[in-house]
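Dropping a structure here in structure tokens format, bear with me for questions.
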């Protein structure tokens, strides 16, 4: 199974659209797409998870790795449009306290 | 389900009869010669398992129609020792070590659907289906 | 070693000529038809590797006699990019990902002896032997 | 007579019988022959070659087209022969690797407590089953001199060998903590520092750590991003969520962990588990937390160990014996 | 047109060409066809069936014996078909497992020091290569505030996943030792207690632990059943055995370890290694310790790192790129 991954340049930064199930098999694809974006100095990256209906802990790990890389490069990573199931996982693991997760209305003007 | 037949497996002749019944039934349904050979091999493996490892067992053959297509259902029922750990038996790879359940992953791959119910001491029921393409 | 022939591999026709030469030589030596087909397939794979991944290469064929038995030696020599990591290429399992060196484990299994020398930038020399049983 | 000649003669016999009294018996023999040649590791192209030899032998005036056509079939079968030999090699490799992993899995068993401590006033049951052979779930239950019980339950991200390697870190890190029991919050904070230093960038560990004081019947717990458990309130006959907010271990160096407390009355129990329990799935359908609670309720008259065993058995069956994640379920009930 | 029909047409074309202008070109096409059908995961019994269909098509008056004989060939091929499908499943399983082990191997890399400490008066080089992906050899080199160097080199019995799991224990056990450097004998005694408590009955670990004081140029070392190293005496241009007697770790709880000392003059060096270095073998022949010494001597004009790298490269080649055991080689030379 493959992830649907698309990037779009914004006036400031990049938006990464992700679609599909992020699990142990697809996580490497996400990593390959996401890491180069956050490893640029002072980058601004929005990850749109609207089309993601399932994510497992391996998938969360990719975001943890990206967060650490973003901090090292003074970059910003922001997750948007999480469905409830996905949002719950970020919340239970406490990741919502260290990763910038936008409410849906907040980000519509991005 | 319409046509039904069942063959008692007590001797090696029983295996051959079950094969024969399966071949004729699948031929009649219009299965290709390769699929006929596959169905027959599946029957053969199931019957041989009964013959070698349990005292008593029956191979059943049925024609099935799910509204869209026809198919053949093979059942293998025995009152043998049952299978202790189904998870192990159904593991793919190298299950040719003998014993009841040997070759079941092969049967599963020859057919389209496969189900097994087994409890130690209470025997085993295997149901497997092949659909006409 | 006695008979020697060599075929330049620059086009797909070269592959066919090398196969033809190998088939005739192995037939003449008395290899069975299965072994003829195996030797030809090995030549084909080696030649195709040269054709696809290097500019320039030669398939050599020799008859060999070790005092006890006769055999055929195939050599494949090219001045191509060479193979970076031989350990990886020769690993069994799933080396069908393409690139120079693809299929070499298969060739090794078709033949009796197999040796490869390769240095990045300096090309590759493969020598492989099949003995008459 | 060589094996090859023996096989050719058997094949000839089968073919001859079949052509003269075309019957199922011969086809059955052909199938048995197939098993035998596969056991003897005969390559499929050999079979095609034997077939041709035999029909040439049986019918000397075989048409030259038929004979020639076999050359093409043979050529195609050589490819299958290579795949077949690759298969045999792969099978051996796989067996080797599996037995290696069996040894490692056995080692891992020694990381988990050999027995559950017995308590005067509470009953504890636990079951932990890896999805494959090696587990990324860890648990521990220890009793100190004052009958204090400490319970640890951790889930390393992912499963299999990498998670198992990391699980051993948790085990040794726990072992090297001071002898006296720490408060749950302190313990997680200390463990987090070790994990953060040693773990790969995209890995983390979720954990629940609790201590139960049988004198006061207070269950104190802290959580590091772990799946919430249940607190069962006997007087109200109700399952409540047992949640401890906190960042998973290994993400940020100086994380602090809040401590929560739950007082247990007689018959109350707490259930801790890894997300392998709630991520049980049957096709696309996931188990809901409410269903899990109902399942526990169904067996609640039994001992703690019987409850967790039965819940596991039902869920194993429900998902066709295919665990998608390591499964750990622990239950502590106040008895008197 | 279905794939199957497409393949049948290709096959028919190839066969037709071959029968009419029997030539190598068609056989080459047949081989390419073979690759294609294997890629498309067509089972070998399908090929036999296609073959029969095609010759029936090309020669409507095919003899009935020939036609019938294919039924037997088909029956036999079904067995190969099962093996073939098993192969495809096994291949995927193997890929999955390999990628799991890759992840674990990457984790393991983080257990080893990222860089070797630089010293004012001594040069250190080290190479560590696992026989398969995961290693059961462990080493560490650290420098404390007083420029003291501590060197650990351990070999867990066996290799692969189980050894790697145990290797992680050594790593964490070392990490949890007090911050200040211990004397080699003390350190091994302390480590042995942890290992003995945690290791399976049939496992053990051999280890060499050393500290080097750049002020006195004294190299102090203790050993736990480990392969002896070398002390190279520059003034005599001679390799001496560097042996430290002591029981391997994990066997007996209260083992004590003797401490040995070797004073290093300018140009002297010590070499420590795991038995994977001395157990290099080419066919039935093992590398002799004298040969290893000669190999080191050959490169002794180079830096410590270059020496160990070159020795490894020669030995890798000597044994046809097949390591039989994890290989770790470490060299420390007093420079001024």
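Labels A, B, C, D and E are assigned to the chains in the order they are written; within every chain, residues are numbered from 1.
Criterion: a residue touches a chain if its C-beta (ideal position, glycine included) is under 8 Å from a C-beta of that chain, and two chains touch if they have at least 3 such contacts.
Keep in mind it's a predicted model, so treat the numbers as computed, not measured.
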Residual chain clusters - subunit D taken out, nothing else repositioned: A | B, C, E
{"item": "Third chains touching both subunit C and subunit A", "value": "D"}
{"item": "Farthest chain relative to subunit C (centres taken as mean CA coordinates)", "value": "A"}
{"item": "Computed distance of Cα centres, subunit E from subunit C, in Å", "value": "29"}
{"item": "Inter-centroid spacing, subunit B versus subunit A (mean Cα positions, whole Å)", "value": "49"}
{"item": "Separation of subunit B from subunit C, taking each centre as the mean of its C-alpha atoms, in whole Å", "value": "45"}
{"item": "Touching two or more other chains - residues of subunit C", "value": "40-41, 93"}
{"item": "Interface hub residues of subunit E, defined as touching at least two other chains", "value": "27, 31, 71, 75, 78-79, 86, 90-91, 93-94"}
{"item": "Subunit A: positions in contact with at least two other chains", "value": "none"}
{"item": "Contact pairs between chains, per stated definition", "value": "A-D, B-D, B-E, C-D, C-E, D-E"}
{"item": "Residues on subunit B engaged by subunit D in the complex (per definition of touch)", "value": "15-17, 19-20, 23, 40-41, 44, 86-87, 90, 93-94"}
{"item": "Residue numbers on subunit E that touch subunit C, as the complex places them", "value": "24-25, 27-28, 31, 91, 94-95, 321"}
{"item": "Parts of subunit D lying in touch with subunit E, wherever the complex brings them together", "value": "11, 14-15, 18-19, 22, 26-27, 30-31, 33-35, 37-38, 44, 47-48, 51, 55, 58-59, 62-63, 65-66, 68-69, 71-73, 75-80, 83-84, 86-87, 90-91, 93-94, 97, 100-101, 103-104, 106-108, 110, 158, 160-162, 164-166, 168-169, 172-173, 175-176, 194, 198, 200, 203"}
{"item": "In the complex, subunit A residues that touch subunit D", "value": "24, 31, 56-58, 60-62, 64-65, 67-69, 92-95, 97-98"}
{"item": "Complex interface listing, subunit B residues touching subunit E", "value": "32-34, 37-38, 40-41, 92-93, 105-106, 109-110"}
